[in-house]
Amino acid sequence: ADSACIITKTDTNPFFVKMKEGATAKAQELGITLKSYAGKIDGDHEGQVAAVEACIADGAKGILITASDTKAIVDSVKSARDAGLLVIALDTPLDPVDAADATFATDNFKAGELIGQWAKATLGDAAAEAKIAMLDLGISQPSVDVLRDQGFLQGFGIELGDPEKWGDETDPRIVGHEVTSGNEEGGLTAMESLLAKDPGINLVYTINEPAAAGAYEALKAVGREKDVLIVSIDGGCPGVQNVKDGVIGATAQQYPLEMAAKGIEAIAAFAKDGTKPAPTEGKDFTDTGVTLVTDKPVEGIESIDSAKGAELCWG
Amino acid sequence: MSSDAKAAVSYEEGLKGASEKVAEFQEHKSALKRLQHWLHMTPSAVPMIVLVVALIVFGLLSPNFFKAVTLSTILQQIAIVGILGCAQSLVILTAGIDLSVGAIAVFSSVLMGQFTFRYGIPAPLAIAAGLALGTAMGFANGWLVAKVKLPPFIVTLGTWQIILAANYIYSANETIRSSEIAATAPALQFWGNSIQPGGVKVLYAVFLMVALVAILAYVLRHTAWGRHVYAVGDDPDAAELAGVRTKRILIQVYALGGLFCAIAGWVMIGRFGSVSPSASTGQLGNIQSITAVVIGGISLFGGRGSIVGMFFGALIVGVFEMGLKMVGTDPQWTFFLIGMLIILAVAVDQWIRKASA
Amino acid sequence: MSSDAKAAVSYEEGLKGASEKVAEFQEHKSALKRLQHWLHMTPSAVPMIVLVVALIVFGLLSPNFFKAVTLSTILQQIAIVGILGCAQSLVILTAGIDLSVGAIAVFSSVLMGQFTFRYGIPAPLAIAAGLALGTAMGFANGWLVAKVKLPPFIVTLGTWQIILAANYIYSANETIRSSEIAATAPALQFWGNSIQPGGVKVLYAVFLMVALVAILAYVLRHTAWGRHVYAVGDDPDAAELAGVRTKRILIQVYALGGLFCAIAGWVMIGRFGSVSPSASTGQLGNIQSITAVVIGGISLFGGRGSIVGMFFGALIVGVFEMGLKMVGTDPQWTFFLIGMLIILAVAVDQWIRKASA
Amino acid sequence: MDQKGIGMTQEPLLKARGLVKRYGKVTALNNCDFDLMPGEILAVIGDNGAGKSSLIKALSGAVQPDEGEITLDGKPVRFASPLEARGHGIECVYQTLAMSPALSIADNMFMGRELRKPGIMGSVFRQLDRPAMEKFARDKLTELGLMTIQNINQAVETLSGGQRQGVAVARAAAFGSKVVILDEPTAALGVKESRRVLELIRDVRSRGIPIILISHNMPHVFEVADRIHIHRLGRRLCVIRPQDYSMSDAVAFMTGAKVPDEVAEAA
Amino acid sequence: MDQKGIGMTQEPLLKARGLVKRYGKVTALNNCDFDLMPGEILAVIGDNGAGKSSLIKALSGAVQPDEGEITLDGKPVRFASPLEARGHGIECVYQTLAMSPALSIADNMFMGRELRKPGIMGSVFRQLDRPAMEKFARDKLTELGLMTIQNINQAVETLSGGQRQGVAVARAAAFGSKVVILDEPTAALGVKESRRVLELIRDVRSRGIPIILISHNMPHVFEVADRIHIHRLGRRLCVIRPQDYSMSDAVAFMTGAKVPDEVAEAA
């Protein structure tokens, strides 16, 4: 049988676990042997390079990759394509986008923008003196981290400094940026620290839903869970459940299973007759879409409710 | 006795009337001398001084720092590291090192959670099972170190990866949400409860940490077992020759360490609310606990130092982290400054010891 | 001489005619005995055996494994760890540890890149500056260890964080693209060039690693400086009393380690094409290099082991990782098995030594 | 092999035959025999590196011989560790002492046999009885004449060379039960302290416990030993009684200047 | 202070006044004086723990005294490390030996003064001349009568106690230049090897180099010493000439059984 590889950033984040599961199911259906690789920690570029090399040596037909370093991986991707493999970027577009044969991805900046706009609209006049906690991913500031953070700030109407990094904004409404590693533990300690710095925080941006859950615990501990707005990104089933429970005000949902399935189909087609997938009309990649999930919709921003979000959620 | 032997030692005649008094000298009892002596005899004194200085500095830099809520937040933030630090101290006192502490804690918390929610086992039983399994993981470390005679660094580097991987595989990376736990198995969140004297919240977890440190300090100082732990770390061959069951002590130390880690895992559920297999403690718990131990003045070569020092070490790190955040340092700079301060704290320790030697 | 003293030693008369021959015994020259002796005298023998076994097992499990391209890929994958391992070996031989190796490598590569592209310095000069700055970082470590007498673990734990944070701050998290480098500063990518005998690509980086290992092996074995490095790790007080400039040696070792790390940073540019401040070597390089060193049979307590062993250690890890990937193991299972194999490799070493003792 | 019936002095208490110990290229024991009779002081003398320490390490379980057998009370034994030998009542002061440098004198003396406080503090909370242990330690050191030890809570690493040796000897003498082995116990000791150790050795014998004494001090050896085992090039050359030979003869035997009659004949 | 003019024997080569060294509660040196004359063998004797090792450690830079001053050749000196003292020609064999256990005998003997191969292998590639170093080591050990060392490449940790001491003494004697200090050099040595060390000490003196010898062996001390410094309770009690007193007197002085006349008068 033909074989393919899926290389994710890590395989400890449920997002990638589900993505891998989706790919595996599809591969089984189409009779493809799928080997999966992952970086050891978030941002493990070298591990991904080693994985690409292993796929080439192993004679795979194609690679699905969620790149840790979108610029740096380009060389490895090129050598894979030179060796005759089809390379598809999932979740995170490469830089430049056309370095991969095709891209099935979320627009992370847009995802951030959506929750930013929603938060601004929800706060209304209070947005002018909001006190915002920014719970980011890590101090190495990987691209998803920057895109979502800056997207959110843009959506909220805060002036960005250098859009390539977070933390250089001067707007006094930002209480501070803290890193969370994208898990509950990090979300909790980061929130505690920011609360100690300014107990008046009333809006919390979080890089993903586990971090949001941690932040909520910290707010609950000081009895402020009801009057602080938390926004997040991902749309995983626990996250959507938390929207329903009122833990998270709104989240931007993305669709990893679809990315994975499309990717496998493309490799199967390529293995059969060499056809390559074409991008979405008018875009240089196939946008698998991002949808705002909230039970408190606001005028002018398209959204679905948590019930609908739960149907579409990914694990 | 042969006669030439007798002749050969005839000069021992001179011994008759030799003095029988134990040598004594006047002591200079100046205050400085006594301070120096105290610093020498009390390994936890220097970390304590560093801690006090850090508190004062941050108190001056940030107006919000010296509020009760800030200080109680610091205490609750170090509860887990403090408990892991107990395990780490024990192991390091035997001249070992345990890189798997964080992994054991996380996996134990996942086991407690999954036993309750996947198999429907009553929470107290699931907790007991989690504690037992954590102990077993520690036991495995100890067995490899003591019986197979592998270097602790290598053993726990291996088990760290094994346990963490097992944790992800077993849990399928699924988080159990806080609200679910609160609804069906509040025992899991026990250590997250708090008392609120004068409105300031103090977690049960904080009391637990203090109690564990106190018990361990007593055991290490006042029981034979504690002395044996020090002896094993000091010189294992000598200890063995002197009649210490070195291997048994090592296995007990690692197993007890495993139990402490599992307790830390239980505390994690209370503190974070949820059960998450990807908690950062799994990756960072070892470095954090080792940092606390070393800043606390315990020698990485074993046999020297006190658990109370470790406690101050954990506090120092907690105070630095919180203090820097409150002063408003950027996360990248915080990281940078904590690096500086780790080195500085130990340098100050070194300097005071030298001055008082 | 007083006469009673003379009488007291009169029995020394018996010494007249004492034998002057150096003691000798027949040796049993059985093949087994000689093998055992060789294993004993050659610290790198056991890792080599483990390596060969691993190669055979994976060759049987995966049909694609025994291809020249696979083997050359493994070599190029371990080039960086191998060079960092040289730095780590030096430090560990002095009974130290260097947690900052990966951070120094990444920061050096960033410095080389940014010097070229931000300030327009010619690439060879930028490379020289990067190498010098890497050496300076190592020197700082050594100075703190030798002069301020801080524990190496704590020093490099601190500088690890400091350097990594400085790296992110200085670079503003910007990656420099491969294509830009290739166009304007190909010297940065020098070690990414390759020769292709019979179509199999072998990177210059691989030759560099082998050369560095060989040079270091020579220096450690055949020069006074090398013996001093061992003596410092063996017993620093004794070395000092015996006339080794312990502090100077320590500083040199860490500084040289820094240079090796900076070289590894240069090699990273060649291997990955681009310059990325978030390269995971910064986070994982220390554990990877320590793993290679320990599997290679160098004692973490200093003074024992060989650099060639480290090289085999790095190869063992490389072969396991590649082998498991080709067999198609899931990532978490790969981590799990590598954990097992780390322990197993050292256990086998231990067992062979015991059997041959 | 029913030595019990034959009487105490006929059959050796501790016996070894054909012991061989090699370290890589070095042969430390070369087919060595050994006998210790009940209740005797047996001295072992020989050149540096003759294999004396290796011999007693083999007897006390600190190393495992490559060949040969050891019997205790007529029964073959194989000690895997010094602890096992101690379990059989063999107490040993090694040349390298075996103390925990960072621990105190009392901690070291009682290592593995600590005293606990009376009452529930001891039985339940298992608290050590430090005052009692310190008093015992102080008494034993005074018996040895080590009057310069000013602080009984000093860490052993801070003791002078001789003080350290004194602590080790005091420990073995105080707790030995079946056989006490002393490897150069007076090497670092002063005149007064050495004398006390010799007295102690006689004391121990008077309690019916046999002693193996390794020493380079000929006058001491000839003074206290009942029999002298002369070791040369990894094996027992001969056993002599101090009454029958002069110190000068013994020195000549052990350095190879002379060959004892029995051996000359046998060869 | 222009001692050069006064002549060699009048003024001490190495002199100390009022040395004090305290370790926490323990007083090791209590206002101690010391004089070493050019070209002499000075023995230092005293009870265990009297402070002999502390004294020579203070003289050789291994510890820094709390009070007091030291002069070498009439010039005040303060050694921050043993290496500094060595730079001034003071070579010392410490009681704890100071060797690197895992390294070979030759490596240890030449530590810090290694021989390099002749030609470019040595000057450019800095390769060690192992055969030369091994031969030198073997010769020095043979001079000491250490014939039981079978393998010159053995790690020092595998040597017997006495062999190890022999290596340390051989090293100091071979390389000492201005003062050689030996702290109990024969403690672990056999009869033959001790004798050779005494000969070696005389050899060194005949090269014009003075020696400080710490020893508990009275016959040896009285045999080789020109003067004997008697140490008691952390200070110099008196200095005697072996011709003027018996060994028994010396023992009585150092253990406090008798008080020497000068001291009795002074008190």
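For reference, chains read A, B, C, D and E in written order, and residue numbers begin at 1 within each chain.
As a working rule, contacts are C-beta pairs under 8 Å (C-beta built on N, C-alpha and C of every residue); 3 or more make two chains touch, one makes a residue touch a chain.
Computed from a predicted model, the values in this text were never measured in an experiment.
Chains that touch both chain D and chain E: B, C.
Per-chain Cα centroids separate chain A from chain E by 73 Å.
With centres set at the average Cα position, the gap from chain A to chain C is 38 Å. In terms of their C-alpha centroids, the spacing between chain C and chain D amounts to 45 Å.
Looking at chain A, residues 11, 41, 139 sit in touch with two or more other chains.
Counting partner chains per residue, chain E shows two or more touched chains at residues 24-25, 27, 49, 147-150, 191-192, 218-219, 233, 246-247, 251, 255. Residue positions 4, 8-12, 14-15, 18-19, 23, 25, 165, 168, 332, 335 of chain C each touch two or more of the other chains. Interface note: chains touch in the pairs A-B, A-C, B-C, B-D, B-E, C-D, C-E, D-E. Against chain B, the residues of chain E that register as touching in their complex are 24-25, 27, 30, 49, 218-219, 233-234, 246-253, 255-258. Interface of chain B with chain A (complex): residues 64, 69-70, 73, 76-77, 168, 172-175, 177-179, 201, 268, 271-274, 276-281, 283, 321-322, 325-326, 328, 330-332, 335. Considering their complex, residues 62, 81-83, 86, 92, 94, 97-103, 107-108, 111-114, 116, 125-128, 142, 145, 147-150, 191-192, 195, 218-224, 242-243, 246-248 of chain D touch chain B.
Residues of chain D that touch chain E in their complex: 23-27, 46-50, 52-53, 95-96, 146-151, 154, 158-163, 166, 184, 187-194, 216, 218, 233, 251, 254-255. Those residues of chain A lying in contact with chain B across their complex are 11-14, 17, 41, 136, 139, 167, 176-179, 181, 183-186, 188-189, 192-197, 210, 213-214, 216-217, 220-222, 238, 241-242, 245, 247.
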